[in-house]
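Sharing a structure below in structure tokens format, with a few things to ask.
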Amino acid sequence: MHSTERIADRPHLPVGLEGEFTGWRTSSRDSFEINTGPFWHRHAPDGSILCAFRVEKKHLNGAGSVHGGCLMTFADFCLFAIASPVLQGLGVTINFAGDFVDAGREGDLIVGTGEVTRAGRSLLFVRGQLTVEERTLFTFAGTIKRISRTREPQPAA
Amino acid sequence: MHSTERIADRPHLPVGLEGEFTGWRTSSRDSFEINTGPFWHRHAPDGSILCAFRVEKKHLNGAGSVHGGCLMTFADFCLFAIASPVLQGLGVTINFAGDFVDAGREGDLIVGTGEVTRAGRSLLFVRGQLTVEERTLFTFAGTIKRISRTREPQPAA
Amino acid sequence: MHSTERIADRPHLPVGLEGEFTGWRTSSRDSFEINTGPFWHRHAPDGSILCAFRVEKKHLNGAGSVHGGCLMTFADFCLFAIASPVLQGLGVTINFAGDFVDAGREGDLIVGTGEVTRAGRSLLFVRGQLTVEERTLFTFAGTIKRISRTREPQPAA
Amino acid sequence: MHSTERIADRPHLPVGLEGEFTGWRTSSRDSFEINTGPFWHRHAPDGSILCAFRVEKKHLNGAGSVHGGCLMTFADFCLFAIASPVLQGLGVTINFAGDFVDAGREGDLIVGTGEVTRAGRSLLFVRGQLTVEERTLFTFAGTIKRISRTREPQPAA
């Protein structure tokens, strides 16, 4: 796929300037992700996309675990980060499925990785996992539909 | 199911005191839901559970639609509100699947409803939908596992 | 939706001529459904689509319950029967999610019903349930992508 | 995990005696799998579980592709084969989600592989993929609930 480097870097997204995510990119215009994140992504040395965030109090549910909605929000962020090299444009998530395998805790570094199993003309199939070190917290799969900028209001993404 | 009223009301949750959600209940100890919500629930006149929230700027993605992670977070809240009359204790979501049928916009009143298709000894099966007036935005299904208070760290909820 | 009657009847499909499914339609060119079925569908009096099959020994797993693969195969049949009034052409399932709520037994009449939550230009969102009398066995959701006859090999349906 | 070899081999299942699946094991008491299969599994040299079947006419839908219900039935077979080393007893699928990434054709050798992401006291989380050589046809995830032999009728598996 041409232009992978340029697109996957998504240079329009701001770069972390200090702390553990220095050099990673995050969202800048997505209110929900700004409020729930920041969520970060960068290229791994092997060219794959690496996503991550550090669990804070605001990510927890009443039982002190990372909230399922937080894991799903971050996983949705991961879908697009993982797909970015082949999406090269706009897309919306049309469906999502996930399994809550284990609990995350405050202070954990949650890492999201995955793969595009197919990049078609209209649909992209993506799946991945969220882990803390060797421990799998969440596995997920989602389908992204490519959209054009001129289209009318679209499903959520 | 005995004690439904007492549990479904979840009297430990705070009640809205003004505005359109006066008399509805919300979360008080769930950091992620407090930050992303407030999400509200109450009994409908027919005894079913009604959930709702009003879309603000903070719920939007970069395209101006309600973020998929926001819909999934609210749907996860709905799972537990819908299950509360038969859950009568603690539970964790073990899996979740949803379809992004249409987009929500700022100012929309998003309503969540659903049903418990089975309340077993260890598992509850729940499904539902998020709508804006007559329009379906999101359909979802989730499984909740009952847990005891004394158990070790659990998957996310 | 115009032409609903004509299409929903799917007059190219053979009609049951005797027994409890007299007047219902089934598949005729689908080897897998012929072998695992027959699965039947017809219009209910209210215009909705009704699907059904009678559980035989060949539908059972080793524990004497209806096999999960059988329920999913029938549910996939239901997706297309339910969508047929608005599909009006060819389509393929692109994803599927379901919950195994309860067990079916030999001799049960399993009924499938559901709804199209959105019929878009390229995608149809469908969900439904399989029941035996008042008992829910399986709930499911699937997305169908419209395809043209001239396209190259497609995902499974 | 102790006794892995003994259980994973599932010596109660019959072994293929001729042809390409010589030495693989299949189902013997599962009517639905016998009718739709035979589906086979064995240990790969690295100790993981390998599942496979050869696509015949009976597996096809009306468009000449492998039927979605066939892929899901085989995937459900794969769930249990993959889980067998850690299941060590009976289980039922409680939910299933899958993405139809590409089409299979008559004559294809469809291979199923996967992993147990968590084997808990009551639930096992499994995910996997069906491939033809380098091509991914279907990705899936399922949850298995352990059951005891003395329990009452159970959800499908």
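Which chain is which? They are A, B, C and D, in the order written, and residues in each are numbered from 1.
One rule holds for everything that comes next: a contact is a pair of C-beta atoms (placed from the backbone, for glycine too) under 8 Å apart; a residue touches a chain by one contact, two chains touch by 3 or more.
Since this is a predicted model, take the numbers as computed values, not measurements.
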Higher-contact pair (C-beta pairs counted), A-D versus B-D: A-D
Most widely separated chain from subunit C, with each centre as the mean of CA atoms: A
Centre-of-Cα separation between subunit D and subunit C, whole angstrom: 23
Length of the line joining the C-alpha centres of subunit A and subunit D, rounded to whole Å: 30
Subunit B-subunit D separation of Cα centroids, rounded to whole Å: 35
For subunit D, residues that touch 2 or more chains besides their own: 94-95, 97, 99, 101-102, 141, 143
Subunit D-facing residues of subunit B, complex: 94-95, 97, 122-123, 141, 143, 145
Subunit B - residues contacting subunit C, complex: 97, 99, 101-102, 117-118, 125, 127, 129, 136, 139, 141, 143
Touch list for subunit C against partner subunit D, complex: 27, 29-33, 35-36, 57-63, 65-74, 76-77, 90, 92-105, 137-138, 153-157
